[in-house]
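After the structure tokens below, expect a handful of questions from me.
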Amino acid sequence: MDLEYLGLDDFLLAALREDIGAGDITTNCCISESAVSTGAFIAKEPGVVCGLHVAARVFALLDRDIRLTPRLNDGDITKAGDVLADITGPSRGILTGERTALNLFQRMSGIATRTAEAVTAVSGTKTRIVDTRKTTPGLRVLEKYAVRCGGGSNHRFNLADGILIKDNHIVAAGGISAAISLARSACPHTLKIEIEAETLAQVEEALGAGADIIMFDNMPLDTMSEAVKIINRRALTEASGNMGERDLRAVAETGVDFISIGALTHSVKALDISLRFK
Amino acid sequence: MDLEYLGLDDFLLAALREDIGAGDITTNCCISESAVSTGAFIAKEPGVVCGLHVAARVFALLDRDIRLTPRLNDGDITKAGDVLADITGPSRGILTGERTALNLFQRMSGIATRTAEAVTAVSGTKTRIVDTRKTTPGLRVLEKYAVRCGGGSNHRFNLADGILIKDNHIVAAGGISAAISLARSACPHTLKIEIEAETLAQVEEALGAGADIIMFDNMPLDTMSEAVKIINRRALTEASGNMGERDLRAVAETGVDFISIGALTHSVKALDISLRFK
Amino acid sequence: MDLEYLGLDDFLLAALREDIGAGDITTNCCISESAVSTGAFIAKEPGVVCGLHVAARVFALLDRDIRLTPRLNDGDITKAGDVLADITGPSRGILTGERTALNLFQRMSGIATRTAEAVTAVSGTKTRIVDTRKTTPGLRVLEKYAVRCGGGSNHRFNLADGILIKDNHIVAAGGISAAISLARSACPHTLKIEIEAETLAQVEEALGAGADIIMFDNMPLDTMSEAVKIINRRALTEASGNMGERDLRAVAETGVDFISIGALTHSVKALDISLRFK
Amino acid sequence: MDLEYLGLDDFLLAALREDIGAGDITTNCCISESAVSTGAFIAKEPGVVCGLHVAARVFALLDRDIRLTPRLNDGDITKAGDVLADITGPSRGILTGERTALNLFQRMSGIATRTAEAVTAVSGTKTRIVDTRKTTPGLRVLEKYAVRCGGGSNHRFNLADGILIKDNHIVAAGGISAAISLARSACPHTLKIEIEAETLAQVEEALGAGADIIMFDNMPLDTMSEAVKIINRRALTEASGNMGERDLRAVAETGVDFISIGALTHSVKALDISLRFK
Amino acid sequence: MDLEYLGLDDFLLAALREDIGAGDITTNCCISESAVSTGAFIAKEPGVVCGLHVAARVFALLDRDIRLTPRLNDGDITKAGDVLADITGPSRGILTGERTALNLFQRMSGIATRTAEAVTAVSGTKTRIVDTRKTTPGLRVLEKYAVRCGGGSNHRFNLADGILIKDNHIVAAGGISAAISLARSACPHTLKIEIEAETLAQVEEALGAGADIIMFDNMPLDTMSEAVKIINRRALTEASGNMGERDLRAVAETGVDFISIGALTHSVKALDISLRFK
Amino acid sequence: MDLEYLGLDDFLLAALREDIGAGDITTNCCISESAVSTGAFIAKEPGVVCGLHVAARVFALLDRDIRLTPRLNDGDITKAGDVLADITGPSRGILTGERTALNLFQRMSGIATRTAEAVTAVSGTKTRIVDTRKTTPGLRVLEKYAVRCGGGSNHRFNLADGILIKDNHIVAAGGISAAISLARSACPHTLKIEIEAETLAQVEEALGAGADIIMFDNMPLDTMSEAVKIINRRALTEASGNMGERDLRAVAETGVDFISIGALTHSVKALDISLRFK
């Protein structure tokens, strides 16, 4: 469940520059350069922890003498009051980095927590919870990692690593069959072709045109069940469309392979975590 | 209520590169280079609109022949079903930019909507709703603009433009009076000094040490009322601490000048907006 | 056959800075700021033209009063002596940009030319010529575009948009079946799984493990024919391994779906093109 | 023969990002984070090795626990089958960096190999082989280093570090004498003035105008010999123009000081090198 | 008096690239890669030293085996002939970095020296010497640090961390009272409001409108004294306007709180420092 | 005398970001978005103007509706009170850009003014005034342009475009003859070789070793005259070493070809220029 992200340092430095501006005037005025502090990151509510190493890296970029020691791993469950990590080192760097570290740690833990709730909702079925491209600009790698930490799977990372023909594409391309045929002839042979369908007729057309994956967009439960039966494993199936507000178990019980939920990343409630000095 | 942001284009180009990766393979395979489309951005739920010009700029960066024509202004109220803007131009650019534009437009509108709810909750009092530094890394300028569009005011933009001595600073500096005294002697004379207080004794100490602004952190309502009376306009007052889950009207009625709410930006529910081709 | 590349300007500006350094001292000393020139880009040998719009953009970045007017389109065939484009505008900008423009134009045309030769070699068969990731660092988008202009197709753009399990992966993962099984359980459902095989036994194992695409690496022709028969359309097939020095028609006649050729981009002979002032 | 290049890390990180995209999905799915591998880089054909430290740096940027141990130095001759370097460390980093490292290593070795062939062709004469500005955009420092490793010398690095008045400059400046005179009066006194000449009359004019270096562009052998005699060491001499396809020894025997060859860098055949896991 | 500057390395790398260009050809040609040198930085005139750690960092970025050992601290006074620091390590890196290091070290020491002269001029009064935004583009953080090392204080770092209503703002806003009123209603509550006044009438208007700080712009000494009396500590006071050429003690004796001097940073005389090899 | 600088926009945007930070809070609070202003740039002291187009570009980057109309050209002489340029357009952009524009305009004019003084001091002799690499990091292109505008010539732009063997190189290389010999054998043939000499013996050694240019470092006038005679035009000659404080005419009368003056750029007095709104 580790995170490998070649651009992480650049991202974190940019985040620190945004938050620090011309300098942390409060810390530099009030705290001596030689002061050393010890503190703890504490969960104020239950959830799934994510972003421990990202938070650690924020502090390391400010001062390599700061040591953040996790007590849990990304993906672990925490309850209110748990100490998630200890921190010790030069006070200035800890105080200057606190907000940037928490902004990411709380957001990533919030995503992991919500994902875990969705995964739990469908447990026992064979349906997998997947994310979408409805992520925060600049944070996609971190947010999709948080989804994995919550037990979910990733859909496409970007527009280059999957064919997904949506409603507006179908309009512009002149129909489902036309769109699939165009995609088949031009796309790299390593990609599957996924297409959106809203009705059973569209499902049949997509299937006939050779779609590898069919996405049911905003479909009622009974239509979805019917669609799964029609497809009969000749294509993968994915339920989509405001899934953040649907009964996920009911959706899973239609037999779809995947449920994709934009709200996992577009409507995040930060997990409440605080840093306390001793 | 306009947004001036020198780095906007760089931010949006980075967002587009993150979402496009090596190329929008679906659009490039399925849609002819010469195709032209017309569509509309439609609100699927009520709220306050924010980000219209940001969305327009996303498309302009992809293809300057795309025209996004707003029907409202940032800060306006919308109801479900309203057309927020019309769009017309080369189909490829519209399809490729759709997700990036919506990711920002929906998020900014979500922040403006939540801010407007908070502002409404305290309307009639003299208390102002302000934001915090609990913003998404990379998006601070946009998120603080959205708070203004929702009727809120901005607190500090970064660590350089205000002295705010928080609990951990007080611990590391050796107390409230020491911290204020250090700040006074070293900080630029253009900045006010704000300090956090959790008890009435701390309020008295901060006042005696000459704080310009006193922040009440997680204080019960009756203590807060008492604190406002003690201060008696000798310093500005600010209520803080999980204000996203407090009764804002009751807090305002203690007489505090400002209520700062981290949840305005750290726990955003995206406003549901979609783009429909005609 | 057009090129859409969001980062093109940044790439070209970097290329210009590399070539110009602190300033084009020859041009600035010898040529008056107000001088205007007219010239032509001329092919000195036959081939397929590619990079006309890239060259035009180089000059536009230096001086928007320079007009480069193509007489052909990317992908067109030229013979020695043909005028490929006319150019007119401020002499300084043309002279300063000449080398950078030609370095790209000649290289891209060289790739398109070599690709077209490969495509011609297999014409009449159903086999498609595809490229690899053996491109020049920094130029992948341009080089893969040149392959398309020469009539070839693109394989993966990068490591994120396709599963391709190669010999060293198989060693490290503990075998073909193990590797495919691991990939299947963890990769996004939008991607196909391709695996390298060197023997018929490996082909059988890959097929049994459910590979979507099987790559024949450095396989003799008769083994390859046998492999195609064994697979019998249950997976796509790709021939690979020093294909730049093999008899492509003979390879195609084994019935493979794709031939991937690293030499298309790693061993390019620039097409000879020159700019002549009138 | 070492390489000092302040921007190397930035260049390599950009190359890695281009090749990795959103993540090396194959490696991350199939190979455990704790796996360790050992392998060897093996020459598949004879040539001159170049880029060993560049390759080593690619892996170090991905994972500092990877050790690449060269068995040769840049500039050394290899034969087919030789082990050029050993590598050991975390499997994931080695697999993810392999292609980027090889793309550079093979290209640089290809340039060094071709340069060495040219140097050998003129051995025993006093003529030196030099490169040109016909390099790949973004790779000039690496490619000119490879030329040095092959025994060649470098011509100008960019347009700022030498005056070279070419045919189109002469047209735009109004003649050879005018151009040299303008250059002399305005250029920094640290630079020599080089000018292109195609005929003996032009050679005489350049000499009379005080050129420091005269370049013979596409000149027949006997004219070149005559030109060298006329100049009689009053200026340096350089032969140029499709030298990649000329008889270099014959050119050298005219007595020219330098032969500049664009093909050293614009028409590179990558040296065949592979990485094999044990 | 230490410097914390998150972007320092990027700034120094850019400075090195500007000075090195395509490579330090003199050093690389004349000095062996294995050569090691020892030298000393010596003050050639008296002054206040500033930039020792910046200089050290320049060399560390070029070669981490170079050791620069300061004999003084930033802010210390030096006399002509003093050794400021010793340096030892690979000769190439020292020679290549010398100019960039000295360009910064000499400039920063020049600023600290001039600031110290101004501070000395007002010693014994309660007036503080402050800088302005008249800094060199790109060097603001370093130049404002040098002012602190010379004993001065910093005014605003940028346009975001203080309200300062200048003459042209007053013209455009329609007067002093209007401008202050607009600022009060819209600016973050953490900022003080400063305004420029040229006459006593303007001072009275600014005071009446609630200005926190009043800047006397180009005011004669007796008017300034009068203004200080009128204000009578109800606002902070700042003298400004060509203060680099005024009698600072006389200005201080009017009782102003601050004297801001643009010349501290816009008209710097570099302190003469040289590096001598032993 | 125009300036061509491919990176100018990036440099100016960075300068604006440094000065604007999170936003020009004064202007945005006090000035309406629709306000329009007219003003003039006025010289407050006599000098040589430089940077008019740079200033214009600063404003254009902020708002393309701002028009800055120069009344003079770069390199022209101004007297106190002259209007240098008119400006008109949206008030916000003018106010926000004023400081950045003036910081550059005043500095560049200060350099041009001081250079013109030096050029005047040696007028009538054949000696040329040249600059050095003692420029402000990040501003070299602009500062060397200002030197040209003041009538001076440029020395090397960076370490790649000239061989200059200085005292420390001589120490590290083991003497003058050794250093010149090493440079000759390894440097590109397009560069001249310059070397520093402090005594007549060193001058003789440099001449014997074939130096193209000999720099007299901190040499007394009579020694310098003697050196010029000894050299007798067999090499170019350059006087150097605290020339900012020497009698330039006396130096020129020794017959040296060039006088290089670091103080032109390292000890700049900004020309006093102000912007006044009407």
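Going by the order they are written in, the chains are A, B, C, D, E and F; count residues from 1 in each one.
By our rule, a residue touches a chain if its C-beta (ideal position, glycine included) is under 8 Å from a C-beta of that chain, and two chains touch if they have at least 3 such contacts.
In this text the structure is predicted, and so the values were computed from the model without any measurement.
K.L.:
Using the contact definition stated above, find the chains touching both chain B and chain F.
P.N.:
Touching chain B as well as chain F, we find A, C, D, E.
K.L.:
Which chains does chain B share as contact partners with chain E?
P.N.:
A, C, D, F
K.L.:
Looking at C-F and C-E, which one has the bigger number of contacting C-beta pairs?
P.N.:
Between the chain pairs C-F and C-E, C-F carries more contacts.
K.L.:
Find the chain most remote from chain D, comparing centres computed as mean CA coordinates.
P.N.:
B
K.L.:
Return the distance between the CA-based centres of chain A and chain F, expressed in whole Å.
P.N.:
Between these chains, centre-to-centre, one finds 53 Å.
K.L.:
Quick check: how many Å separate the C-alpha centres of chain D and chain F?
P.N.:
Here the centre of chain F sits 34 Å away from the centre of chain D.
K.L.:
Based only on mean CA positions, could you tell me how far chain B sits from chain C in angstrom?
P.N.:
A distance of 45 Å separates the two centres.
K.L.:
Using the touch definition from the top, which residues of chain C touch two or more other chains?
P.N.:
20-23, 28, 140, 157-158, 160-164, 188, 191
K.L.:
If each chain is a node and each touching pair an edge, is that a line, ring, star, complete or other?
P.N.:
complete
K.L.:
Taking the complex as given, what residues does chain A use to touch chain E?
P.N.:
13, 16-17, 20-23, 28, 33, 62, 92
K.L.:
Chain B touches which residues of chain D in the complex?
P.N.:
Against chain B, the touching part of chain D is residues 21-22.
K.L.:
Going by the contact rule set out above, which residues of chain C touch chain B in the complex?
P.N.:
That would be residues 2, 4, 6-7, 140-141, 157-158, 160-161 of chain C.
K.L.:
Name, in rising order, each residue of chain A that touches chain B in their complex.
P.N.:
11-12, 14-15, 18-31, 35, 37, 39, 91, 94-96, 98-100, 102-104, 106-107, 110, 133-140, 157-165, 167-169, 171-173, 179, 182-183, 185-188, 191, 242, 263, 266-270, 272, 275-278
K.L.:
Help me check something: in the complex, which residues belonging to chain A touch chain C?
P.N.:
128, 130, 153-158, 160-164, 188-192, 194, 213, 236, 238, 257-258
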